[in-house]
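Chain lettering (A, B, C and D) follows the sequence in which the chains are written, and residue indices restart at 1 in each chain.
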Amino acid sequence: MHGLTFDIAHMLAGSLVLVSFLELYQDRLMALINIYAVHAVVLTLSVAWQALIQDAPHLYITALIALSFKAIVIPVALRRIIVKLGIHREIDNVVGVGLAMLAGIGLVALSMVVMLRVTAEADPLAREDLAFALSVVLLGLLMMVTRRNAVSQVIGFMSLENGLVLAATGAKGMPLVVEISVAFSVLIAFIVIGIFLFRIRERFDTVDIQALDRFRGERR
Amino acid sequence: MNVDALEAILIVPLIAAAVLAVLPGYRLTASLNVVAALATFLLSVSLFWTEPHSGDYLLVDDLNRVFIVLTTFVALTTSVFSASYIGHEIAIGRLSPRSVRFYHAMYQMLMFAMNLALTANNIGLMWVAIEVATLTTVLMVGIYRTHEALEAAWKYFILGSVGIALALFGTILVYMAARPVIGEGLNAMVWTVLVRHAAQFDAPLLNVAFVFLLLGYGTKVGLAPLHAWLPDAHAEGPTPISAVLSGLLLNVALYALLRFKMLLALNPASIAPGPLMVTMGLISCVFAAFMLYRRRDIKRMFAYSSIEHMGIIVFAFGMGGPIANFAALLHMTMHSLTKSAIFFTVGHIAQVKGTQKIADMGGLTVTNPLLGWALVVGVVAIAGLPPMGIFMSEFLVVSSTFARQPLLAILLAFGILVALGGLFLRLNTIAFGEPRGPSEPAHASYVPMFAHFAIVFAAGIYMPPGLVAGFENVARLLG
Amino acid sequence: MALIHDLLFQGGQMLLVLLLAPLLTGFVRKVKARLLRRRGPPLLQPFRDLARLLRKDAVLAENASWLFRVVPYLMFAATWVAASLVPTFRSGLLFSWTADLIALIALLGSARFFLALAGMDVGTGFGGIGASREMMIASLAEPAMMMIVFAIALIAGSTQLSTMAAFMNSPEVGLRVSLGLALLALIIVAVAENARIPVDNPATHLELTMVHEAMVLEYSGRHLALIELATFLKLLLYMSLIACLFAPWGIGAATADPAEIAIGVASYVAKLVAGSFLLAVFETAIAKMRVFRVPQFLGAALMLALLATLLRFVSRSF
Amino acid sequence: MVIDALIAVAALLALAPAGIILASSPVGRPTVYGASLALSLALIVAGAVSLFGHHDSTTTLPLGLPWLGAHFRIDALSAFFLIVVNVGAAAASLFAFGYGKHEEFPGRVLPFYPAYLAGMNLVLLSADAFSFLVSWEFMSLSSWALVIAHHHLRENMRAGYVYLLMASFGTLSLLFAFGLLAGASGDYAFDTMRATPPSAELAALVLILALVGAGSKAGLVPLHAWLPLAHPAAPSQVSALMSGVMTKVAVYGFIRIVFDLAGPPAWWWSMPVLFVGAVTAVMGVLYALMQRDLKRVLAYSTIENIGIVFVALGLALAFKANAMNFAAALAMTAALLHVLNHSLFKNLLFCGAGAVLAATGERDMEKLGGLIHRMPRTAFVFLVGCAAVSALPPLNGFVSEWLVFQAILLSPQLASWGLKLMIPAAGALLALSAALAGACFVRVYGIAFLGRPRSNAARDAHESERVSVVAMGLLAAACLVLGILPGFAIDALAPVTYLVAGGRMPVQTAVEWLSTVPIAESRSSYNGMLVFVFIAASGMIAAFVIHRLASDKIRRGAIWDCGFPDASTVTQYSDDSFAQPIRRIFGTVVFRAREIGEMPTPSSTAPARFTAIVRDPIWDTLYAPLTEFVAFTAEKLNVLQFLTIRRYLSLVFAALVLLLLVLASWP
């Protein structure tokens, strides 16, 4: 019976990595947001599955948060923002998609190498899970540094954080998971609101972070 | 219910924060702020003889006792300084009463978060506390609502969040490493339990964990190249916050790092954390030293000097050994006291001059002798010249390192020398020469800065045996 | 008794050099004149000049300071003391240990130092020229001299003139390259120190070519006389120095009976005559060189002396 | 004894805050300088008692490094230097007693002056690495504050800046040396270091580090750059201390580390010391000849004398390594005696320069002249100083140099051929520097004090305060006494040389006629007293005889000057023109000196111009590139202040990936 549960968890975690790659590939903001929603949904599923197999009911709360907040509220909010800002058709990336994908593959390989050195008696599920989580985290970071637009950077950050939640839930019987996911949701809310605030105050004409950098303390 | 000192130093700031959030009028709130800080300080001092129980969530041991007392003390002096500083800010209308209320609440909140981070016996709790501390400081950095302030806050916020995320991943990994040995549940995150079983943990997992923790908490410590948020946050926030940031928050993050270093040190199979820390420390020290030269904003300059000193401290802890650890602890203490005192001085100078631009300052020892000479003393101390305390720690670090790793010692000494050059280059124009820029008579609170300088000076000459014993004990703990 | 005996000799030596010095200069002049087919002044002319100068009043510039008046006495005294400490016809003088060779050179150095100052006292162009050039020459001549001392002292194992002379007299000296070089260097230095052609012309009346004369331009009367006498003494000193270092034959030992002393005196006079004759020939044979050729000339001496010092180790090492 | 000394030092330290308070009040100056004078006299007594009483005294205070405590000790070496330092300090304080009246910012001088004295004394007293370095750096720091006392002058600030950097550099290299001596275990007490000498190669490293560290403070070429900037910038009594005394403290540090702590020397140790010393001596005096600033000339002459001292120290090392303790003692005596002598006459000269500065407000010799008429007493003592520093018998400067030459003449008995050939060469350089020093000080005195005044300031100069003159007079007297009776000083040095060089010279005061006989009378001897007596006697006899038998009349007339006297004072020989021959001979090589003369065409009324360009080779080749490097790096790195958040994130990302790669490649 262990085999099946393992395979499903494995499948879900792997698909999360896959979706991260999709995000990396997608350079239209609107589509990117949609894919992020998918990302959140997949995360929800895997968290729920973990809740089931670890019969840890408190993980359902995490799953619920993931579904409601990350899969619905945030994407909706972001859509409204980018529509308001009129950048919903924008194409945004610093390095070419191909290059980004290559880098991503390299990162996944790296995380595999690093994680598979972990001795096996830490149970395989955890190990695989961690490998995937690590790659999701790295891909999220990669996304943050290869996108110029604040919205896509936020999305990068959020998928990074999804990786964290994946790891946390994968870690059997880890306490404070719920609190942590809540805390992170707050963090993300802050970020989104931050972008939104700046927009509303008419202080920055674009959410491009470079606009912020124009107001750096010591101009050259 | 009965509350012992340990819980009290968490509860007092929390209550104070709640109260200050609603009370109007800055005089009252400022004095309340001071009172709360004083209470916390006294409680923390009482930790030395009241032996509170260390539960699953909180603990007191020799390591964090040092940190707690230092934190609460600097918090106290800073609150005294901030009273006069904020008064001036209100007078010139830079801060509205509402934002002042918010500021005081946040100040106590920050104190709570830092105390929690220091006393937490649970690595998850510690992480949460540091995140809270970061967020509160973000809000305070942005309090002036100017372009620069918001930009600095935003930068701090983004980089800080990423750091937090990395640190969390590291924490999870530590749990994963601990679980097979200790078993599921809370115990696998309780510090005291972890330490007991650290030897059996899975080394490679621990290694990955440490990398993430080093980067995550290293961001907060301000190690290059993760330092980017630090200079701007120091420069744009209110000066008391700069003092707290440099004097305390960096230490708290460092404390977290040290905890995990001890964990790794206990595990023979894992990589030695030393070399990593030594490398990052060295990079930060030399890099920051060079960055001192082109600064035009006085607060930003001293922020970079903080990076340099954090580099030295991390370097020393990385070197390890009784002498180096002792020196690192001493250096950390001295740096907190000196740097916060310098920021007190700088805050008043900026108010007197009405600017933070070094170009508009000059001949302070002529126009405002007390402030000017205070700055001179501060720079002398921070540059590691005797008879101030930092000289002792630098003496110990450099000489003990030179006997073991001459090349590293030479690089470190080079960094120190370059930094000294940069600091004095600016000091010459600020404190000496023909007076420049506007200057109004200072109505400053000299007590905090001179109290700090007095302690630093005394420590450079004579260290009380009790303190020494404590430090040596901790140094032994750190291995 | 012995003490009185020694004191007698020391005093005799002091008077001897004082009397011999003008005579020597007179002799050199005479020989030079003869070589130029002139009859030249009589041998005792220097004495007459000195006497005349002494009798005249001294004329001082109105802004001449006390230093200007003290220097001639200082210079004369220093040179005289130095000259009377060089063994002439009998080594082992009573006070020979007062100053060894290095100290002698330093004594002459002090004399020069003060004379140069005196040259600058009144504040004229010529005085400055003289002082500056004198010090330039000295700055090369003194180290050269010191090297010569090294070269000989390292061989003789002493800087005490009596001991050195005794050693150079002894058979163990042998023929050494370094001694030859040292002698050559010493001659060059002596020529420069005594302001002779080709470095300087004692008889010139064209100010721009003067070094020594330019310094004493402002002097007159007894002051000038003393300076003149000092220069005579200096010439004698160098001659007897060369004599006692490189031709120490016949110098009587400390325990010398009258016969030996007679030999010593005779040989000494002979050496002086020979030396002054050679000097005269040398001076008439060559022309004075430009001031800024002097450094090369003296640099050569310095190099020779240094070479002599270093060759000392290879020539014969014991 | 050491307790009493420490009490005196503590009193000096206590004087510093008193200085802050009293700075504004009229009693401030007399109080501070009077108390400093009294305390330094007390310290002289302390030093003398422990030097002649032949007993060391030690104590440990619960200060400094907690597990070590602060060790203090007076042995023969520190006792001797204690005397040197405090004689200088006493003289400077007495001088400042009157001279300090001219100070425009007493508030920036009075607090630091006693602190500075305390720092120097503490260096000599401390007997563990930490207290030593604390005192060392404290000394630098307080003198830095004094250097920038007149902070409104840009060049002073620059001087202070360079000074502080070089001082810290030196401190760091000393720190390294002590780190090696103490080992990883950190036994910083001198006794334990002495007990466990390092291995041969470590000891060699210690030697080099000590040479760099102490040398940068003593002003060895090429680490001298700060000295001619900082010494003149300070108030004159402080310049006197920095030049006359602080450099000696650096010498003390070198002797303490190399001769006392670093264990037995290897045969080649003397070579770097000899080389650096000889080069320093010549370069120093050549620099001095190129300067116009009176105080800067003196500073460079200090460098020259430090070079002489280090040559003597190098000789002592060579002899000690060859177990020729007696010769080592001779060389060491020469070094220490020169230390004492130089501290005396350099103190005197700087005080004189201060008096001139106070009288005329000028340091540029080109604007001085004729001061011998306006300030005769100062002129006289200054002349004594000039004669002493030019090593003229019968003054003290000559005695020490004579001893150095005597030590050099012992070199053939050394084993190594390298040294046999190197030492005479060093001797040649020494002789050269001595001769050049003579030229240099003829120039200084002739331009500044003789001739006709070159500016109104010099024309109406006035004699300085009586007490200042007294101070200088005492120093001059000391120079003469040490010159004619060196035997007593040499005998007093015996315990010191026995301590550090393992031998002692024969007792000099036992020799008949009190003459100085380093080895044997047949070998070499010198009797300053008789030389003095003879010169005085024969000079007076000559004067007496002439005045009696010939004329003693004086007539004052116009300047003769070959019949073309020129009334204008600018036609006098200037300092540049005086230095011209030497500039042409040496400067063209050493300083790439060039002379540019513009002659106007005939019939044009334009003036003819002559400019001499002298460059500082060491600054150009060593310091300028260094500063450029730092500036360049700072400029390049500064880009990192102006990145976008995304780029900062990429930095973090890169660091993370890098560390993970490290892990992945970990065995």
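Simple rule for what comes next: a residue touches a chain if its C-beta (ideal position, glycine included) is under 8 Å from a C-beta of that chain, and two chains touch if they have at least 3 such contacts.
As the structure is a prediction and not an experimental result, all values here were calculated from the model.
S.K.: Find the most central chain, measuring centrality by the gap between its CA centroid and the centroid of all protein CA atoms shown.
M.R.: The most central chain here turns out to be D.
S.K.: Does A-B or B-D have the larger number of C-beta pairs in contact?
M.R.: B-D
S.K.: Specify the chain most distant from chain D by Cα centroid.
M.R.: A
S.K.: Distance from the CA centroid of chain A to that of chain B, rounded to the nearest Å?
M.R.: Centre-to-centre distance between chain A and chain B: 31 Å.
S.K.: Taking the mean of the C-alpha atoms as each chain's centre, how many Å separate chain B from chain D?
M.R.: From the centre of chain B to the centre of chain D is 44 Å.
S.K.: Between chain C and chain D, what distance separates the C-alpha centroids? Give it in angstrom.
M.R.: 35
S.K.: Starting from the mean Cα coordinates of chain B and chain C, work out the distance between those two points in Å.
M.R.: So the centroids are 78 Å from each other.
S.K.: For chain C, give me the residues that contact two or more of the other chains.
M.R.: Residue numbers touching two or more other chains: none in chain C.
S.K.: Quick check on chain A: which residues sit in contact with 2+ other chains?
M.R.: Within chain A, residues 114, 117, 141, 144, 153, 209, 212-213, 216, 218 contact more than one other chain.
S.K.: Please output the residue numbers of chain B that touch at least 2 other chains, ranges allowed.
M.R.: As it turns out, chain B has residues touching two or more other chains at 154-155, 158, 162, 204, 208, 231.
S.K.: Show me, using the given definition of touch, all chain pairs that touch one another.
M.R.: A-B, A-D, B-D, C-D
S.K.: Chain B touches which residues of chain D in the complex?
M.R.: It comes out as residues 62-67, 129-130, 133-134, 137-138, 141, 148, 151-152, 154, 157, 160-161, 164-165, 168-169, 172, 175-176, 178-180, 182-184, 186, 188, 630-631, 633-635, 637-638, 640-641, 643, 645, 648-649, 651-652, 654-656, 659-660, 663, 666.
S.K.: Quick one: in the complex, what on chain C touches chain D?
M.R.: For this pair, the touching residues of chain C are 54-63, 65-67, 69, 73-74, 76-78, 80-81, 95, 97-100, 102-103, 106-107, 109-110, 112-113, 116-117, 119-129, 131-133, 135-136, 138-143, 146-147, 150, 153-154, 157-160, 163, 207, 217-218, 221-222, 226, 291-292, 295, 302, 306, 309-310, 312-313.
S.K.: Spell out the part of chain D that touches chain C in their complex, as residue ranges.
M.R.: Touch residues, chain D against chain C: 369-370, 372-373, 376, 383, 387, 390-393, 398, 402, 405-406, 408-409, 412, 417, 420-421, 424-425, 427-428, 431-432, 434-436, 438-439, 442-443, 445-447, 450-452, 515, 517, 521-527, 530-531, 534-540, 542-543, 546, 549-551, 553-562, 565-566, 569, 571-573, 577-582, 584-585.
S.K.: What residues on chain D touch chain A, complex-wise?
M.R.: Answer in residue numbers: 641-646, 649-650, 652-653, 656-657, 660-661, 663-664.
S.K.: So in the complex, which bits of chain A are touching chain D?
M.R.: Per the touch definition, chain A meets chain D at residues 94, 107, 110-111, 113-114, 117, 138, 141-142, 144-145, 147-148, 153, 209-210, 212-213, 216, 218, 220.
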